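As structure tokens, the structure follows; a few thoughts come after it.
Which chain is which? They are A, B, C and D, in the order written, and residues in each are numbered from 1.
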Amino acid sequence: MLLVLPLVIPLAAAVLVLTFRDRETANRAALIFCLAESAAIGSLVWRVHTGGNLEGTYLRADGLTSFFLVNIALISILSLSYATGYLRHMGEGRFASPRWFYALVNMFLFTMVGVCLSANLGVLWIMMEATTLASALLVGFYNTEGAVEAGWKYLVVCTVGIAFALFGTIVFYLAAVKAGMSQTSALDWLGLLAGVSQRRFDPNLVRLAFVFILAGYGTKVGFVPMHSWLPDAHAEAPTPVSAMLSAILLNCAMYALMRYEILVSRAVGKDFPGELLVFFGLASIVVAGLLILVQRDLKRMLAYSSVEHMGMIAIGMGLGGALGFLGALLHTFNHSVAKSLLFFGAGSVRHKFGTLRMDRVSGMGRSAPLTTAMLAVGALAIVGMPPFSLFVSEFTILSESFSQSRYVVGAVFLIVLSIVFGGFVHHFLHMACGAAQKTPPEQDFTAAEYAVMFTAGALLLCFGVRIPWSFTALLRDAVSVLQ
Amino acid sequence: MEFAEVAAGKVVSTSAVFLMMTIVLLAVSRRVSTAILVFGLQSAIITAQVAGTAFLESSREAWVVAGLIFAFKVLGIPYAFFWLVQKLKTSRDVQAVTSPAQSVFLVVLMIFVSYAVVRSYAFGIRVPEDALAAAVALILTGAYLMVSRKKALIQMLGLLVLENGIFLAALTTTFGMPLIIEMGILFDVVIGLLLMGIFAFRIRDTFEHLDVSRLRKLRG
Amino acid sequence: MSTALAILQALFLVLAAPLVRGAVGRLKARFQRRQGASVWRPYSDLIKLFQKEDLIPPTASWIFRSAPRIVFAVIVTAAAFLPVFQTTALAGHRGDFILFVYLLAIGRFFLMLGAMDGGSGFGGMGASREALVSTMAEGPLLLAFVAVSIVAHRPAIAGIVEWTVGQNFFDISAVHILAFTTLGIVSLAEAGRMPVDNPTTHLELTMIHEGMVLEYSGPSLALVEWANAIKLNVLLSLLIALFVPWGIATQLTWQALVLALGSYAVKLLLLAVLLAGIESVIAKLRMYLVPDFLGVATALSTLAVIFTMIAKR
Amino acid sequence: MGWSSIFWTFLILLGVLVPLTQLGTKTRALQAIGIALLILGIAGGLVLAAVCLWTGLSISIRLPNVGYFPVSLAIDGLSALFLFLICSVALAVAVYSSSYIGRHYEAVEARWMWALMSPFVLSMALVVTASTGFAFLFGWELMTLVSAGLILVEGDAGDRIHNVYIYLLMMHLGAAAVAACFFLYWPSAPGLEFAAIRSSSAHLSLGVRNALILLAFLGFGTKAGIIPFHLWLPRAHPIAPSPVSALMSGVMLKTAIYGLVRFAFDFLGGGPAWWGYLLLAAGAVSGLLGILFALQESDWKRMLAYSSIENIGIICLGLGASLLFWSYRSPAWAALALVGSLLHSLNHAYFKSLLFLGAGAISDATHQLAQDELGGLQKRMQTTGVTILVGCCSIAGLPLLNGFVGEWLVFRSFIAGSGLSGAGAQVILPLFVGVLALIGGLSGACFAKAYGVSFLGRPRSQGAENAREVPWAMRAAMLALATVCVGIGVFAPVVLVPVSQIAGGLVGTLPPSSELQFFTVMPRMGAAILALVTASLAVRHRKRVAATWACGLPALTSRMQYTATAFTKPLRMVFVRVYKPDRKIEVLPEDLPYFPASVSYRSVRTTSFEKSFYRPIVERVVGLAHGLRLLQTGNVQVYLLYIFLTLVGLLVFLRFAR
């Protein structure tokens, strides 16, 4: 029951919310459903923490699941609260009204929760593919030229990528079957977990499977050079969706990779998947870090920054070790909070200045001081400055790389951090400072928007100074799954 | 029932050759409708293979899968494609960036590569070499179609071919995955195509063409 | 006894300074086949100036009047570091020559400030040129000290003197010759003598020291001039003490002291002759050749330090 | 127990309460209480540091872990010295600001200023008291960030932004190097507690040790503004509000020195001789170029910024000498040189912050900082003038003031270098006496010019003409700092004793006590000079105020005085190779060159480091980024191709990796 509830609620919400034609009602209903979903997730997580893993046929929940579910719940509450204010300018249209928006968002949420809860590698794949499908329409929601283009590219590139992941899944299944496992348990998580440690999997097949999985889910995570869809989709989607894409969808894809990493490293040793992850992580941070320097569109820059941070998480995962996993997970969470804050800020900038071109915005500090302050917090956090939380997680990952004497990884990491810092600070300073621009008559921001941004900022600060005890427990459970 | 078993065995073993032929046909087809028909044919061959396997293994699940594939990939999807072509009112040309001769050359090369790749693995897992090679070749061809054809519809088709290849690979190596997973995958494919169809309409409406290589506003 | 003598020798340096200046002037005049003024003339100049009134520009602040007094005070203090008749001085410690050099720097610093307080163009001009000269002179001055101190294994002026007295004159090393030359050049620059500065003209193209003191009159001018004379005397005595100290009293007996006084007077006279000779023979350098002149001193002093490596044992 | 609670109070006051009182309310009274709390907190820190410094007490407190990383603070001798430095300067700055900020900024800006200044001081205190790597880096990054915020509060026009940007970027690069320093210890000292780092240092391989010192040099050198990593310094310091400039120049740079000493001496315990040569070379270059650039600046704050580079150079000379002595196993002299540079750090903090506060007072009174527009201020601002004169004399290294103390110690250790066993070192080290003397001479010229042009003679502008003395709080702060400068200059042993204890603790042997005795001469000498000056001043003379002779013209005008630019012309011509000025002379009208209606002359000095070192690097990085941008073609087919190629690449890797 606990396992099914987090899936049923958004599904029901998606259907029900379509019946509310009135915007306000739709807003309220969506929020209520989201809170209900969070409560469901909360009780599930509590149950897992106190009573151990929950196992079902196709669904299950362990520490890692809990961690990502908490992440999803938090960001979706923030995004939806932000959306209630953000959508106020939206008219009615086919597929383009608030109720459709909420319906699609709830579907999207359903698929992501599904990814985390799946107990079967096949179901995992199905849910991953479903995330693409559910979010594609959201990316193209505005139906402008850019949105349609981005939506198409997103759909095509991710579907192709995911197709390779399917092939990888099949090869892994093959390896399991060849190792003598029954057809029913060869995709099942618990079965496989027992299998990889007790049976001898053909290492060649496992490696082949992992390569395909990496290319496939890696596309969804946004590893360079499979990241091409990401800046388009994140920049063109409505802001709350951008936040969800960057802050939780990428994490879900990373979650899928983590699951495989666990299995593969037990089957063929941790070096093989680790090295590949570190390689793609490095490629991602270097390329994305450099591209951040030359972006003109705020949301595009944020999207590249997501690529960069996914690279960091991949490095943490690939390095492994106590700190590597810890850092990767912590960074997953921190990045999602910081990135959603930044996307919310970007949404406010668009409302205020009517553009996201960073070279056309200036004097923001004077005309929109609160937004600027929030953006500043987000920007400082995302470049890994204390006292914000990403400093801690980046420190953790770096510590692991140096403790393994991986000096090159550490050095590249540090240099990229500086490049990204340069990029972000350059763009931000030029937006925030200078004489105030003539802006269109004051757009009133709703209290909800500020409350959301403030909450995110407070979370960043809080996790940067002291990680709450309850979260540490969550983290410990998750890391114990990974190790 | 000797004969039926022999026939089923033949179907399974020779289908690879037929699939190779469809690949070459896809490479040279210039018209959208031809490509769709070839795809339908390809799906039919795969259906036959599944059915053959189902018969040989006498597995009920496999029969269900065969039925599903027949319903969707042989009938439903080609029909939907034809409907799309009609609705979108686009030119019939596939708008390739390579000439048919080049395409054939590349495709044959891919088939060759597939054999080379498969050989190194097939030995370890003891499966029919031809069928697996055909599967890999399908994957590669699907990828090739997506890269080399500018029209949105053919990209969708390329994706389906790729999917077919993956399915075939699953079939030949493991006699298919659990039924519910297969159904889920198929469901995803269908929904994916539906969405791509929606986007095809939107692209047509917004840009008044279907040439995806001209969608280049977002870059850098 | 020793302390009293130390006070005496410092007082001697201060009080005899105008005489040295007068002597040099007289010798110069002789070299130029002129009669020249009396050697006591500087004293009467000072007395005359002390009796005049102090003219103060309306724009000037307290710096203007204090500067000459500070300059005088520090030069007098610097004089306390020199052994003249005996091998100890009133003040002195390990590393005291750094302090000595920096005391001279205080004087220059305040003289420049005083010059700029006058509010005319000439003060600034003189100060600017003084800044150039003093900047270039400080390095070689200290390096010369360092070279000698390394050879003597003593880090203080008095110690060096003591060590040198114990050596044979003919054992003198190349380091000493280089250091002596350096110190000589620097002394010319520091004391404002030819070829760096011409103390006898007020030509605005060339004047350095005279430019700085142009606005001063009366007692202030007297103090500046006296201080300048002491500086010359101190520098000449320094040359004597560091390089040709033989004859200086190592024990405090009357005979020794008389001998010390006598030999000191002779050496001072010889140096004065040398100085007068140089000033009569050499023309004033162009302003922008002065750095080259001091550059030579820098090079020599660097060489002196490098040569200590060989000269030490 | 009691002392550590003072430490806690210090942290909480500065970190939480003061910013809250400023940003949390708009009540004037509460904000005033906040300022008072800030001053109180800093004073508490000062007392704590003083107790630790003079009694040798050491305190450590442990904060809750952040993630996996322990956070604890400890005050040992070295920390106490730097904490003392930070708190004492910050105290004066806070008192100064209590008047200055209100006069210069609107309410909102003032609130931000106070709200940021308090964490700025705190972050510096964190850096010098941190006893784990995490805490250190936390403070280190925070310090940069908050100071940049303070600069931005002052104003955010286009060129300022560029300067702030360069500041932030270079600081970040430096911080990356510093972070790498700590991380290199991770394999041997997980947790990065200083105690573990210290004990594990002995077992590091030579390669790692060399890498560590190079990274430390890079990282801390950037923060300290060692040439060629100084690019940010003359850009960032002048544009900050004067009290903040005082903190940045006087105090923040010293945290880098602290870091360098911590790593090179405390952790690594000295190393091969080339470490010493590295620092000596860097110190010589920074010292000479720093003061040469300062000499040519006629803006007070830019000049002071460059002079900070010079003083950092002197400190580095001392550190280099110390490392060299240590590598040749004469720890006593190493300790002496270390005492010299530590003391010069302390002294520079005092006179530099004094001068920056003075610059603030000048701009407060005249609304400008260009020396060529000032003049005659001494008569109009007596107290400010005297304090600045003290500062100028100190920074020029004149005896009886604190600048001389540190320099003398460094000089003395150079000379002692002749006793080293290494053939090269025994000549090279004494030769550095010449370098330091040249630096000293140039700084004398520089500050005589600065003070003389601004404070003496006639006023050159209306602003200078109408200058008024600044309020008492500002004067009190400057007077206090000036008193400290004189105090240390005359009674040096007061601070020499604890500092030599610290140096002895680091190096293992106390510095030779016979050398430290030198400073006992200072009070007597000072008394002698003072007596002579007062006596000669006391003698009554007839005085008359009379106009200066104007060569027959009706009167002298202020335009006839030497300007700062004119003053340094001779030196500029001598060091023309260093400056490489771009001169532009424009004579109008052009067809009559001998009868000009107007002549305009412009001379711009572009730092060649920027042209030849930094710009190419930046251009290459940005060029690379633009190149990568082209790969994102926008064509979905190309994107798909990337995926396929990646896959093929991975498969090939798989084929051959086995």
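Just so it is clear, a residue touches a chain if its C-beta (ideal position, glycine included) is under 8 Å from a C-beta of that chain, and two chains touch if they have at least 3 such contacts.
What you are looking at is a predicted structure, and each value in this text was computed from that prediction instead of being measured.
Between A-B and C-D, more C-beta contact pairs are found at C-D. Centroids of chain A and chain B (each the mean of its C-alpha atoms) stand 32 Å apart. Put simply, the C-alpha centre of chain C and that of chain D have 36 angstrom between them.
Chain B and chain C, compared by their mean Cα positions, are separated by 101 Å. Our note on geometry: chain A versus chain C, Cα centroid distance of 79 Å, whole angstroms. Residue positions of chain B touching 2 or more other chains: 143, 146, 155, 212, 215, 217-218, 220.
Residue positions of chain C touching 2 or more other chains: none. Contacts with at least two other chains are made by residues 152-153, 156, 160, 204, 208, 231, 294 of chain A. Chain pairs that touch one another are A-B, A-D, B-D, C-D.
Chain D contributes residues 629-630, 632-637, 640-641, 644, 651, 655 to its touches with chain B in the complex. Contact residues of chain D toward chain A in the complex are 64, 66-69, 134, 137-138, 141-142, 145, 152, 156-158, 160-161, 164-165, 168-169, 172-173, 176-177, 179-180, 183-184, 186-187, 190, 192, 621-622, 624-626, 628-629, 631-632, 636, 638-640, 642-643, 645-647, 650-651, 653-654, 658.
Residues 97, 117, 120, 143, 146-148, 150, 155, 212-213, 215-220 of chain B are the ones touching chain D in the complex.
For chain B in complex with chain A, the residues that touch the partner chain are 121, 124-125, 139, 143, 146, 152, 155, 159, 162-163, 166, 169-170, 173-174, 177-178, 180-181, 184-185, 187-188, 191-192, 195-196, 198-199, 202-203, 206-207, 212, 215, 217-218, 220.
In the complex of the two chains, the chain D residues touching chain C come out as 376, 378-379, 385, 389, 393, 396-400, 404, 408, 411-412, 414-416, 418, 423, 426-427, 430-431, 433-435, 437-438, 440-442, 444-445, 448-449, 451-453, 455-458, 514-515, 517-518, 521, 524-525, 528-529, 532-533, 536-537, 539, 541-550, 556, 558, 560-562, 566-571, 573-574.
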